[in-house]
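Notes follow once the structure below has been shown.
Labels run A, B and C following the written order; every chain starts at residue 1.
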Amino acid sequence: MVRFATRWLVTSLLLLLFVSAFTFVLVSLIPGDAARSILGQSGSREQYLQLRQQLGLDDALPAQYWHWLHGAVQGDVGSSITSGEPVGSMLSGRIGVTLSLVASSVVVAGGLGVALGVAGALRGGWIGRAIDVLSLAGLALPSFWLGLVLVAIFAVKLGWLPATGYTPLGDSPVDWLRSLVLPAVTMGVGCAAVIAKQTRDAMRETLAKDYIFALRARGVSERSVIYRHALKNAAIPVTTVLGLVVAGLFSATVLVEQVFALPGLGSLAVQATADHDLPVIEALVLFFTAMVTTVNLLVDLAYVRLNPKVRAA
Amino acid sequence: MNAAPLLEIEGLVVRYRTGRRTPPVVACDGVDLSIDAGEIAGLVGESGSGKSTVAAAVLGLAPVAAGTIRFRGEDITHVSGARRRALAQHVQVVFQDPFGSLSPRRTVGQTLSEPLEVHRRLGRAERAARASAMLERVGLSATAVDRRPAELSGGQRQRVAIARALILEPELIVCDEALSALDLSVQAQVLNLLQELQRDLGVSYLFIAHDMAVVRHLARRVTVMRRGVVVERGDAQQLWDAPQHPYTRALLAAIPDPDPAAQRRRRQAREPGTTDDLPRAQAR
Amino acid sequence: MIGAALRRPALTVALGFLVLVTIACVGAPLWVPTDPLQQDLGAILQPPSSAHLLGTDGLGRDVLSRLASGGRVTLLGALEAVVVFLALGVPLGLLAGYHAGRFDTVTTRVAEVLLSVPAIIFLLVVVAVFPASQLATMITLGVLGTPNVFRVVRGSARAASQELYVRAAQTVGLTSGQVLRRHIAPALSGPIIVQTSLFAATAVMTDSALAFLGFSVQPPQPSWGGMIAEASAVIDADPWLLVPPGVLIALVVLALGILGDGVRDLAARSVASVERPRRRPRRAAPAAPRAPGPSAGPPALLSLHGVTVAFPAPHGEVTVVRDVALDVCEGQAVGIVGESGCGKSVVARAVLGLLPGGARLTDGSIRFDGRELAGRSERELGRVLGAHGRELARRSERELGRVRGAQIGFVPQDPIATLDPAFTVGQQLTEVVRRHRGGSRPGARARAVALLAMVDLPDPEQVVRRYPHQLSGGMAQRVGIALALAGEPKLLIADEPTTALDMTVQAEVLGLLRDLRERLGMAIVLITHDWGVLADVCDDAVVMYAGEVVEVAPVQSLFAASLHPYTRALIASNPLLARAGEPLPAIPGQVPAPGAWPAGCHFVPRCPLAVPACSGELVALGGPGGAHRTRCLRHEELAPR
């Protein structure tokens, strides 16, 4: 167990280092420089040189990276070029929104996906085929488009739910939920499709195994065969897909937050990219990567828990 | 005057690495074996005995840690890739699984022509002719050249595998449990075929099996292995009539006799205490 | 493969659609009705009309033209990503899979790392660095997507390189390159196409997403994502504008997905045989119950009469087992012996009511302990159609469920594959015990340990905690027997219980079966192909050949004086009984497959005693009568004088 945790830690740290270094290098390739972007055309040459020195742009690239890393480890990831606000506080202000969104999407996707997948595996004929088609369709709909369509129907036409905006949990739980329904459904539908398909494939494969036949031959109740034995075995491949799905959800927040004007990290990323706000971009890359590695860790832990062959080793 | 043996294995040690922290598994621990030209040599053992590893080592498919394997006097234990490929013309194999050892996407004719393509400079017509001739030699009709393995039965596939092994006219064929996956009636047919081919072509077999009855029928000399070590060797009939080592005795006693009366007698002879000489198979 | 592809409608439609869209978009400048950039502020937000087939947007531009031109951009971008994806992933995967070792470990780690990078965020960085350069973003996307095809190619290459026929090719003397080219690469085309179409779908989506965010080609250049962004600005006024680009993206992605799935199905089908498992085993009623003939002697515990089973086939059904008769009394040990394909396992499954999907009992009756397990007449059920009929069927299924495990125990062939790998031995035993005997969990656990002791497992307390993969073959089979005994059945059906075991272990397990039978007074039906196993355990035997019972006799009579040419020939061809060095008296020819059975006696083509009468009507199971019956017309000539 300890070995497992240390390996994950080492891999994650290396990954974060790699990603941040890579981003840093990429960013340094931008023609023109940050100082010029800030000052625009108006600043004098003196101001420009002063700003360059201030931002440390005169140092060699590795030195700049080291400087940045030093700060990052202590929690200081610089300040936004556009607003001057410390990036750390910018992120912490918006984390809640993104996490709420991702969490509710996971609930939608997981619940819907597993239920559909199991149903599809158990019922043959047209229900199974309908689920097949629905899964493919769910995967095919672009999330940002689906969000807009849902807004057009439920917000503009019917007025049931808010089109944009976010209410923090603290202010009003009901409104918080209402502001999350459409975005969560948007993000969740595509993922539900993936999970449903994987669950169905895994269940079908499991139900064809020899031990399922043997269990029935031994007189085990059909309910136990399906919901205790088959499901547990099928959960193993589904868990690996779940990890990828949640990682994908983090990426999808970029688009969905934009559509629903949610003040989260995703919309911040879009804004920062448009503004060339490099410190913010770098910090966001780091954060999202850290999120993905955490999810991977949780998935690996679940996998070990479910699969005795790995656990007992 | 004894000619030098065709195949000579001395002190063969094969170790497989199973992971970074676990010690390697010793599949063979000092195995000696020799086969003369034109001889059928039997190698018997249960699962985990190392018999298939010996076959793999002879074919160059196993990591040999120590010992030597000599073929016609030449040391082939650690030969170069090119030499190993050239050796394919002299040492061939028939595997256990008739379903898996033929590529499902290629026709029988293509599978048989492949060895000829690699080693002989023959035209397509010549290769096709040899393939058809070999098919008939193993008891299949020449029309099988255009069939795929999925269209053939287990026995027919095994015959194709034998044809592939013979087509380069090797001196030694390793039969790795070649009959174990076949039905009884088919087994008898293929067994007869192997005997007939050996008589007509003078090819040697290293015949590996777990069924002592079959080995006794086919082979002149037998070697018995257990857990990577040779426990007994000798003339097949003698071993059958009077096994020396307790493991060999247990192995022979375990073969059930189709004659119920005889089987009852053997059981009564076996049950009171004979197998108690050996420690019960250790649970893993 | 193309031929097979065309026979599936979904695949053909998807492929056709994609080709159509590609041609339409690539050739856009040639056919679009209007210049996509031309504004017409007098006719903004028009609904579809004859002039503008899909209407106009907020600046009066023709939607259809913009859609087609925008498609060029998107498809080009997807192509760039796919090229990078394949150029990197396939060769690397091939090398890593075939030559395992350091290269493999390194590349796999790198692939894992790449997969952990959140794609869109990284693309945003690239966008910030190379603004409005679709090439840069698509190359990056291609690189980020490479691990997917890398893993699949590596997996397939690895699996292929471990196939026996690849080893055989290596032994024949092919070089690595030749092996890769001839034997491994062909196995990859399917998976590669699947991954490529899935990735192409992702590329189209991602490119549209970036365009939506304004990070791709700049307006007024049309792009599908950009059109969606423009539509969102006028969503209150004209929501229709959302539809054309969104639906088109969805259809393209859907078509690519169907393509990928379809190819995957095709590849799987071409190599393996079609296995269509049903979710729940079905048991249909037979045509009419055959009244069992007058029975002599004590009433049988299990009695099969006229049992016929048919399996689904491409053209209708094919009969696999015909007219099987079998009687097992209490405490009796009967063996069903025959070669593969004779139908012996099918008979066992029919008794259990667990025939594989689609197969059904078309005739005959199966009685156990006085109750009819299978013989509900169609007439009976037909009279009570609908809910009540279903209720009857469910009730008979439930009855069977009660019988299964509780009265009839089953020991399957492969000991380890028939144990649930996710549960310990103890958990599985406890569940079966509680199912049949009820009781508390600690009570059931104690019973589980007792069962393991009954099957001679040393240290049962230890074994109870183990998982199936931690057991040896012999131990696992003993666990299998314990599971079968958990319900204290009157009858035990063992389907080739020792075939997968070593000879010494086999002897022990057979001894255990004999022992249990004595101690518990259980009847045994042992299915085997090994005559020695038959002789060791069974008193009576049923010989099957090509779906029929050909002889029924006590084992001793069977061996000493068989009355059927097949039985005789089979026993004679056993090397144990032959003289070393001499050819074995082998039976020429091979077993006819179901569906290709000869008329009359199935053994005719291979039988030394065949006469024209044998190929006439179906031969009944007759013979001298009493305990010894045979399906040979000329059995008297075989009888000992």
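FYI, contacts are C-beta pairs under 8 Å (C-beta built on N, C-alpha and C of every residue); 3 or more make two chains touch, one makes a residue touch a chain.
Values in this document were obtained by computation on a predicted structure and should not be read as measured data.
Colleague: Could you name the chain whose CA centroid falls nearest to the centroid of all protein CA atoms?
Modeller: C
Colleague: Give the label of the chain whose average Cα location is farthest from that of chain A.
Modeller: Comparing chain centres, B lies farthest from chain A.
Colleague: Just the number, please: Cα centre separation of chain A and chain B in whole Å.
Modeller: Each chain's C-alpha centroid was found; their separation is 56 Å.
Colleague: Report the inter-centroid distance (CA atoms only) between chain B and chain C in whole Å.
Modeller: 32
Colleague: Measuring centre to centre with CA averages, how many angstrom lie between chain A and chain C?
Modeller: 34
Colleague: Which chain C residues reach two or more other chains?
Modeller: If we look for residues of chain C contacting two or more partner chains, we find 470.
Colleague: Would you tell me which residues of chain A are touching chain C in their complex?
Modeller: 11, 14-15, 18-19, 23, 26-27, 29-30, 121-124, 136-137, 139-146, 148-149, 151-152, 156, 204, 207-211, 213-222, 224, 229, 232-233, 236, 244, 247, 250-252, 254-255, 258-259, 269-270, 272-274, 276, 278, 281, 284-285, 288-289, 291-293, 296, 306-309, 312
Colleague: Quick check: in the complex, which residue numbers of chain B touch chain C?
Modeller: Listed in rising order, the residues of chain B that touch chain C are 46-47, 59, 61, 81, 84-89, 92-93, 95, 97, 100-105, 114-115, 118-119, 150, 153-156, 161, 164, 183-189, 191-192, 195-196, 210-211, 213-214, 216-218, 236-237, 250-251, 253-263, 267, 270-271, 275, 280-281, 283-284.
Colleague: How about chain C: which of its residues touch chain B in the complex?
Modeller: 163-165, 167-175, 178, 182-183, 186-187, 271, 273, 339-340, 458-459, 463, 470-475, 502-507, 510-511, 529-536, 555-556, 559, 569-571, 573-578, 580-581, 583-588, 590-591
Colleague: Sort out for me which residues of chain C touch chain A in the complex.
Modeller: Spelled out, the residues of chain C in touch with chain A are 112-113, 115-122, 124-129, 201, 205, 208-209, 212-215, 225, 228, 231-232, 235-236, 239, 242, 245-246, 249-251, 253-254, 257-258, 261, 275, 277-281, 352, 354, 401-406, 409-410, 412, 414, 417-424, 431-432, 435-436, 467, 469-470, 480, 483-484, 486-487.
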